[in-house]
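Think of it as A, B, C, D, E, F, G and H in the order they're written, each chain with its own count starting at 1.
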Amino acid sequence: MDDQDVSYDLARNDRIGMPEAILCEGKSASQIESAVGQALQGSAKVLLTRLGRRLAETLTIPSLDYDEKSQTGVAGDWVAPTGDPAVAVVVAGTSDLPVAREAMRTLAFHGIAAREYADVGVAGLWRLLAIREELTQYRAIIAVAGMDGAMFTVLGGLVPGLIVAVPTSIGYGVSRQGETALHSALASCAQGIVVVNVDNGFGAACAVIRVLGFGA
Amino acid sequence: MDDQDVSYDLARNDRIGMPEAILCEGKSASQIESAVGQALQGSAKVLLTRLGRRLAETLTIPSLDYDEKSQTGVAGDWVAPTGDPAVAVVVAGTSDLPVAREAMRTLAFHGIAAREYADVGVAGLWRLLAIREELTQYRAIIAVAGMDGAMFTVLGGLVPGLIVAVPTSIGYGVSRQGETALHSALASCAQGIVVVNVDNGFGAACAVIRVLGFGA
Amino acid sequence: MDDQDVSYDLARNDRIGMPEAILCEGKSASQIESAVGQALQGSAKVLLTRLGRRLAETLTIPSLDYDEKSQTGVAGDWVAPTGDPAVAVVVAGTSDLPVAREAMRTLAFHGIAAREYADVGVAGLWRLLAIREELTQYRAIIAVAGMDGAMFTVLGGLVPGLIVAVPTSIGYGVSRQGETALHSALASCAQGIVVVNVDNGFGAACAVIRVLGFGA
Amino acid sequence: MDDQDVSYDLARNDRIGMPEAILCEGKSASQIESAVGQALQGSAKVLLTRLGRRLAETLTIPSLDYDEKSQTGVAGDWVAPTGDPAVAVVVAGTSDLPVAREAMRTLAFHGIAAREYADVGVAGLWRLLAIREELTQYRAIIAVAGMDGAMFTVLGGLVPGLIVAVPTSIGYGVSRQGETALHSALASCAQGIVVVNVDNGFGAACAVIRVLGFGA
Amino acid sequence: MDDQDVSYDLARNDRIGMPEAILCEGKSASQIESAVGQALQGSAKVLLTRLGRRLAETLTIPSLDYDEKSQTGVAGDWVAPTGDPAVAVVVAGTSDLPVAREAMRTLAFHGIAAREYADVGVAGLWRLLAIREELTQYRAIIAVAGMDGAMFTVLGGLVPGLIVAVPTSIGYGVSRQGETALHSALASCAQGIVVVNVDNGFGAACAVIRVLGFGA
Amino acid sequence: MDDQDVSYDLARNDRIGMPEAILCEGKSASQIESAVGQALQGSAKVLLTRLGRRLAETLTIPSLDYDEKSQTGVAGDWVAPTGDPAVAVVVAGTSDLPVAREAMRTLAFHGIAAREYADVGVAGLWRLLAIREELTQYRAIIAVAGMDGAMFTVLGGLVPGLIVAVPTSIGYGVSRQGETALHSALASCAQGIVVVNVDNGFGAACAVIRVLGFGA
Amino acid sequence: MDDQDVSYDLARNDRIGMPEAILCEGKSASQIESAVGQALQGSAKVLLTRLGRRLAETLTIPSLDYDEKSQTGVAGDWVAPTGDPAVAVVVAGTSDLPVAREAMRTLAFHGIAAREYADVGVAGLWRLLAIREELTQYRAIIAVAGMDGAMFTVLGGLVPGLIVAVPTSIGYGVSRQGETALHSALASCAQGIVVVNVDNGFGAACAVIRVLGFGA
Amino acid sequence: MDDQDVSYDLARNDRIGMPEAILCEGKSASQIESAVGQALQGSAKVLLTRLGRRLAETLTIPSLDYDEKSQTGVAGDWVAPTGDPAVAVVVAGTSDLPVAREAMRTLAFHGIAAREYADVGVAGLWRLLAIREELTQYRAIIAVAGMDGAMFTVLGGLVPGLIVAVPTSIGYGVSRQGETALHSALASCAQGIVVVNVDNGFGAACAVIRVLGFGA
């Protein structure tokens, strides 16, 4: 009966150039399995996001490639992209890594290679300045930071490519589960930074796919 | 003495591919004139934003091209771009137009032509569906809406290009000066929508310039 | 002694056309049992809401019809209504289903049949357009959605019946446990949408009963 | 050129049983006149809301029936409905009257007569109890209150018809421009109350029209 | 060493007519025991609040009179007051009882008898009207309610004594852990209602003691 | 016609021991005059609050005793009370005085004399300590403070009488129009402080009247 | 009579090493004059803050040294300090200058010279890096910034002296009148930054005086 | 592979006079161990903060000096400072002690001795007045308080040294996890108080080190 609960949007790839991903949080195992089943009827592979280890282990999906750090899985046939990275994923602190990895897995699922630059928050500014030249080569950068989100603005003043800011829920007190980093990104005095929801590494990757994948 | 107050960032164009614009809100006439003077030493033209009519009329800047609806001015030599539009600016309601016009003037200043699609909010869904096919041709779309911001999500499910959502402060009560439209855009169930600050048409245009102008 | 804690409102049905339901959250088992006992002295059946499985299993109430998905129970004699549905329950995502089911059980308890339309969120707009004609036949629609709540506005522009929006706490980050969906519904640019509290499927059903049951 | 700004939704009446009203706040006189012109091509009359006296006096619309208290106007031919009232508009305080009048004018525009019950806030409970019997006769009640919004819950426990709560921005301090009355209505311990945005008398009337006008 | 952490305020009774109570939440068992020891050097008894059962069971305090429902304990010699109640404690719903009991235990500790009126929320208005005459006899009333807090205003319009409103954290969604009931009490259209923090039954009792105990 | 808008609650004095006051904010001159007329049919005098000078000057009420500082007026016959003060009104800063004066005028209207202690905020603690002994003599104290509201807690630890805290909207930035002073009062670590709405000097006085006037 | 309203704290200098300043906002001219008169009885000079030009022009205070940009005045005899600056005031944008000037005037009033570094926001990072070496020489730095407040963190990672962050209300949308800059400063990933209220240049200067003036 | 995740900032001590501390919350054991390893290559000791007991017990770091109350550890060689205290740590309540201890451990790590004054909240004002003279001798005071934060302002009016306020998350209801204490500190009517994030004892200590350690 749960099968009726789920109606996977098979036509999304045709409309917007990306298939629907299955957000697992809040779904039961049978609902997820039903969605995967529907998806694989129209496509060779499907991406699962926000999939915790415990739930993942209860799923009966053949050949599920599960990655705990990013809380993602891929069902079906796929190979990770190789070759030069087209996107930089710049990460302020070690605790922000799970969100960054969600973005990288989503890009990889869509065949886009990315390079991670970890622990380069602006309290140690030299770490970011050291990679500045390299970062100017990227058409698109995903920036991941919590707490004060100051890295977004510094980046925005240094490089010409599209910067997609992903605030994270890292921090305490006035960090307010990411609200301060989010507002900092939106109110940035650097021009042309765009923002997605707190912890939404998946969404940031999708925005980059809209740019790099358009017409491809 | 006010001259010391202002330090126009002449090197920004080299770093990020766009010159600094002069945000006029909160500045005195002499501060603005000083900034314009500095800017024109390094460039043929400079953009002024959030410039109200009264303040604009007190400025002694030769050949200032002022546009009241967008609250922008251009000082120096410039011509508006012609040719096919590269960007769509999709506007939910008539009251959202000033924000949309700020985006279009910013694009025009940078030589990018855009087409405006006005009054296509989703309470009258057919208006958006009627232009859907046309909108799929754009590599980048700036979407401008206040109140519930529902247009962002509908657009996000229909077209493949980059969608930069600009929430506006239009509305009353729980609209909270644009907060609801902002949160609606960020929490969108459509994938890959990116967002800028409330009423920030300038920032949305800059994001698009980062995409279209990269490496140009 | 707990018996004195509870004073079931037996006269409510006469005053407003609906009996009091027993909200179980925050009550002890003996308080719930006392309320059920009082209720069944004046009526053949009584509805229990927000009743978790664990608490339900500790209750010693004969012939309790418990439904986990909706977290509801019915004590006493009752039969679910049959016949054509009088109400549509339109649900954006799979995770919103528990709230929708609470509404449907409440309607059923009052003898009103309803039909569920699940997983029709507007990121895949065709799913909603496909049932549009059918939805125009309903005098009352309960719409259930979390995250951006964009479905409320799209529905509001498509159908003439009463639309009771139930925002849900589904989502993360700026979704803020349903606040964004709630505000989106209230600030909707579609006219005449009404709203109940976050996750309040019971309340939405009661509003519909006020409409369909009046004078009946 | 402003004509292009406005695209009046002529088909709305066919879709949802009510024509689009023109929200004047944030629009220029020429934009309003353009919208009225478009509307009167498809219908004999059109409603204008949130229309201040000053703006109203600058409009060149023949036979505009302007009412300052409700801040509404009607353009075109119309007559106010006569006969028995089908709707009660219950108003807590004198300061809440403008919002109540917007609701009544909207109902009247659609041919529905309503009766106003003013200054019956629950600090003087007898005023509400005195009309209780009368209020039980109405299929639909629009309740208008600011400050604590306590009237909504008291009404909800006394009468069986649909209650549409309209919180108003009346009050100071923690009233927060209507937020407290809004939340009070949504969190009501009376069952089946529905709510619209703060000060949205128009929306409450539209909800009632969806109920009374369905299939008519 | 923990002994130095605690400095019980022995002189408080002389200054304000009430001894310090020991708030147990956030304190370790040894800190609580140290505070009790200090207190009993200057007084025959001491009140402990917000004391959960688990923590209570680990305490080695002779003759601790623990009450789980109110989460309070009394150490030392005491007897509950008898005689006519001087204070009414009016409680909206069954779930609000723990807060009401904290108030009653605090009053009892100070020798003041109180009577509880439970489950008289205004959704069933007759329950409150039935005891109205009786309530007018009290010099002080403690009113306990969550959700919409509408009971505060209704009471405020019916009785002449001091009304101390205690909002509770009962409710969900926009109830916001008691914020809506709190704001409703503060913005009440009934005159002269005073308010304490959410769930602060202890504080409400202390306020009443300031009134009834002054000069005694 | 405006006469119907207003329904003065003549029976309030019998119910709660205080007559209704007329809150002038948001009312028209004719609505106020109508209310005054109704009030004076049942009583010798009536209090008007939140009455600005401009509106006061347009009123045609014989023998209106208007006081600008407190923004209050008294219509009808009255004399200010003489004799020893029964209430202390303790004021933190000079800017808080208008709120304090509203409280004092309300008390005076009800025949209760009060003494004002101005500019005794705790940044200069000696000012408060100097009057401490005197303040312990009062059965009721109205404390008026904005910004951090620290005075409430210090007072609460020094004197035994009832303390009614009135937070004011004085301050800037995080003061948030009185929210910080309000929350500071509610979260006070001193026991038994009660609180009214921001700037509500009238309400604080009414609470004191409930205490001092009960049974009188 | 207004004289009684004001009680200038003459002993503050002895207690905390700084005299009371007169906050003019919310005070009448006669209240300010009374405070100045009291102050000059115990000291040679007194500082007035938040003093607008209009109010300043109505004051009858001999030899008032008024400065519009900082909205401050000094009454009595004083000379601005000369010599090497002991404090750096680092200002992100031109619009933040009034707040910075309030800090500098306060320092000057207390005999401390300061140097201003204007328009060095981190969107043009080179401007800050160019003065980095110089800034490391200061024992105390007052940092003034609005919008995203990113400058606070960058500074915090570059220099060893005390950094007092002053968030300003410059910005729009999610800047929320300085809340985002405030939260950004408090949640900074750079260690040891301290913060004062939004726009509180005076308070920042006082904190620095506590450091530099201690024991002097 | 986790080794790449972490990039300890070895140069921080040279830039700002303090080494980077390792914030353990949100990091895995191997990430912490990697950071410690990097840190000890450039320095004899390193501080670990927000380190819970369970995580601490899984770490394989030789000679880790772990302190549960402050949730801190020190790896490497170190000795606690002896001699006269240079800093006072003033603590309002027993529950605030863990935050105070984090500050004291951070000071000790940097060789600065501090004295703790516990349980001196202003509800018992004499406790603070008794140590007032002693507190005036300190160049720097760290003040730790939750709930209403009233202690900050009282202290600010009594002593001349730098006061770093640390609001704590202690309290319930409107305390809002420390927001009220934070806002109270920022809006203080005492001049020159500076503030750090909620519960940020580490940051307060670092600010003091910036003052006492500058040029040392």
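Here, contacts are C-beta pairs under 8 Å (C-beta built on N, C-alpha and C of every residue); 3 or more make two chains touch, one makes a residue touch a chain.
Because the structure is predicted, anything quoted here is derived from the model rather than measured.
Comparing chain pairs A-G and B-G by the number of C-beta pairs in contact, the larger count belongs to A-G.
At the interface between chain G and chain H, over half of the residue numbers appear on both sides, which makes the contact a same-residue one. Just one of C-E, G-H or F-H has an interface built like that of A-B, with over half of its contact pairs in common by residue number: G-H.
When chain centres are set by their Cα atoms, the one at the greatest distance from chain E is B.
The centroid of the Cα atoms in chain E and the matching centroid in chain G are 45 Å apart.
Put simply, the C-alpha centre of chain F and that of chain G have 35 angstrom between them. Between chain A and chain E, the centres computed from C-alpha atoms are 50 Å apart. Within chain E, the positions touching two or more other chains are listed as 12, 20, 123-124, 156-158, 173-175, 179, 182, 186-187, 190-191, 197. Touching chain pairs in this entry, ordered by label, are A-B, A-C, A-G, A-H, B-C, B-D, B-G, C-D, C-E, D-E, D-F, E-F, E-H, F-G, F-H, G-H. Those residues of chain G whose C-beta lies close enough to touch chain A in the complex are 92-93, 121-125, 147-150, 152-154, 156-158, 171, 173-176, 179-191.
Within the complex formed with chain H, the chain G residues making contact are 12, 15-18, 20-21, 139, 156-164, 182, 186-187, 190-197, 202-203, 205-207, 209-211, 213-215. Against chain C, the residues of chain A that register as touching in their complex are 4-7, 9, 11-12, 20, 23, 25-27, 31, 35, 169, 177-179, 182, 197-200. Interface residues of chain A, counted against chain H in their complex, comprise 94-95, 97, 118-120, 123-124, 126-127, 170, 172-175.
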